[in-house]
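By letter and in written order, the chains are A, B and C; residue numbering begins at 1 in each of them.
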């Protein structure tokens, strides 16, 4: 699959179909999942209807981490095999992952207010997600502050891989730290026991987020490749 | 030439079908030439034509977009060459003497203070920081690296820049001695340096 | 080996000539002076908040020294010469980091003692604070190398450098501030040492890879 798509021309032909299909798939899953989650799934016996924030929050958390893992993989391929398409893919995924992380933080805060009685809790998960969000911002900022695209891609790839090593260490550190500072009675965001009736809409929306991530990343990649083509065409004109 | 050992007649540098680009801009394509012991190669070309990039690629600092650069006959590839760039590679607050000692450590050589003082006319400024040197003196100090650590291949980017006539004469002497010792000199220049080149390369698209 | 020693000595000499630890120490003192001014001189409050704030000030002082670390070498052509040395670039980067730690990190750690006393830390904890700062600044410098190398070609890249490096500072801050506050000291100290070692292993490799790209 990867070897096949490694050719930019073939990638453009493939993504011209794949992006809209993924997008449509995401819309369908949202159309099914949102009403399911909001109206047809049971309220939590403790949290009541506020548990429904979970259906927005948890998939955002999953795929903000998933997006980073994808970027780390693409960065590795870009660094080792110097493949342009891998660079483009890593860069294209970053804003999507960053937005997912932001959504996760915001919904987590909204969820925290009624359940924990506070808008922000320095618990292990939220703190790690905040570090992930800042890591995304650093990655995007580094990309955009280096003019030479190829150099920017390689440097950002190094940063992405360093971040991929750092993030699990941060997660471990923050967990260690929050057990030191917090009474165990505080409830964690995923602490609600998930019963079967909640799992259905959650997985549906998880799938919707994934397809949305795929569609947006492909569209970003297409935009980047188009921009590159325009630039090189103008460069040829200037030198002709 | 006490500071440098003679190089046997075995080094050669071969550039084959080399293509270089910066960003999306192609500098040149399909450039080939070879140089052997005793050769002096002059690289000519207009500004921005890729002279500097060619030298950087030969120094291993820049990855070519195509083709090959092969250095043959060097016992130890990491000791094959010197590159004197546009930027002199000097620290403003560090003295001339400290530079020589640093390079001796960095490249594995001897500071050769006396030789540098006499040959490159830096005796009076040996203890002074680089910021008080004239441009010509700074350039001569950069050239001192060639003497501090002997290397068979010299890649020189505009070596005569900022040098006065006396400085240029010293440079030509260094080049002649290096060739006599079996070394190779590749220089990117705006106008011919003086010594008659064994070949001239023109870079352009 | 000579190349590493020569690099270390030259770097140290340049750092000393440039005022040595004077500027970062002044910054460190100034930043920590603001703490009681902002919080009020309440002893009990300072006792808990003081040691962590000493750590944050130390982290920021190291951060402030990183911006020019490789940028100057890239601009004046020294980086090319480092790349042409027979010694591995990773080693030269490590030597530069070591010089920075000796010139800046160690003095900051020692200065942690009077600052911690001024912020009402218990006197018997001072040696622990100094020792943890010595390890912590080593961790900060070694991961800081990565940020400095990644932003070497960015003009006025100080803020970007901070944005990149601060998430990498999170683990050593967590364990270091724990040691300084006297919480779960032995475990935190061991993990802080792990952070420093991990940084020492990863920092020079990642920084050297970035510098090779910067030189292209």
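Throughout what follows, a residue touches a chain if its C-beta (ideal position, glycine included) is under 8 Å from a C-beta of that chain, and two chains touch if they have at least 3 such contacts.
As the structure is a computational prediction, the values presented were derived from the model and not from experiment.
Enquirer: What chain sits nearest the middle when you go by CA atom centres?
Expert: C
Enquirer: State the chain with the largest centre-to-centre distance from chain C, centres being mean CA positions.
Expert: Comparing chain centres, B lies farthest from chain C.
Enquirer: Could you state the distance in Å from the CA-based centre of chain A to that of chain B?
Expert: One centre to the other, that is 49 Å.
Enquirer: Using Cα averages as centroids, what's the distance between chain A and chain C in whole Å?
Expert: Comparing mean C-alpha positions, chain C is 31 Å from chain A.
Enquirer: Distance from the CA centroid of chain B to that of chain C, rounded to the nearest Å?
Expert: That gives a centre separation of 37 Å.
Enquirer: Could you say which residues in chain A touch two or more other chains, in rising order?
Expert: Residue numbers touching two or more other chains: none in chain A.
Enquirer: Using the touch definition from the top, which residues of chain C touch two or more other chains?
Expert: If we look for residues of chain C contacting two or more partner chains, we find 216.
Enquirer: Touching chain B in the complex: which residues of chain A?
Expert: 148-150, 228, 231-232, 235, 239
Enquirer: Per the contact definition, I'd like the list of chain B residues that touch chain C in the complex.
Expert: 56, 59-63, 76, 78-79, 81-83, 85-91, 93-94, 98, 101-108, 145
Enquirer: Using the touch definition from the top, list the residues of chain B that touch chain A in their complex.
Expert: Its residues touching chain A are 22-25, 205.
Enquirer: Spell out the part of chain A that touches chain C in their complex, as residue ranges.
Expert: 131, 134-135, 137-138, 141-142, 145-146, 151, 154-155, 158-159, 161-163, 165-166, 169-170, 173-174, 176-177, 180
Enquirer: Write out the stretch or stretches of chain C touching chain A in their complex.
Expert: Per the touch definition, chain C meets chain A at residues 146, 150-151, 153-154, 157, 160, 163-164, 166-168, 170-171, 174-175, 178, 183-184, 191, 195, 198, 202, 206, 209-210, 213-214, 216.
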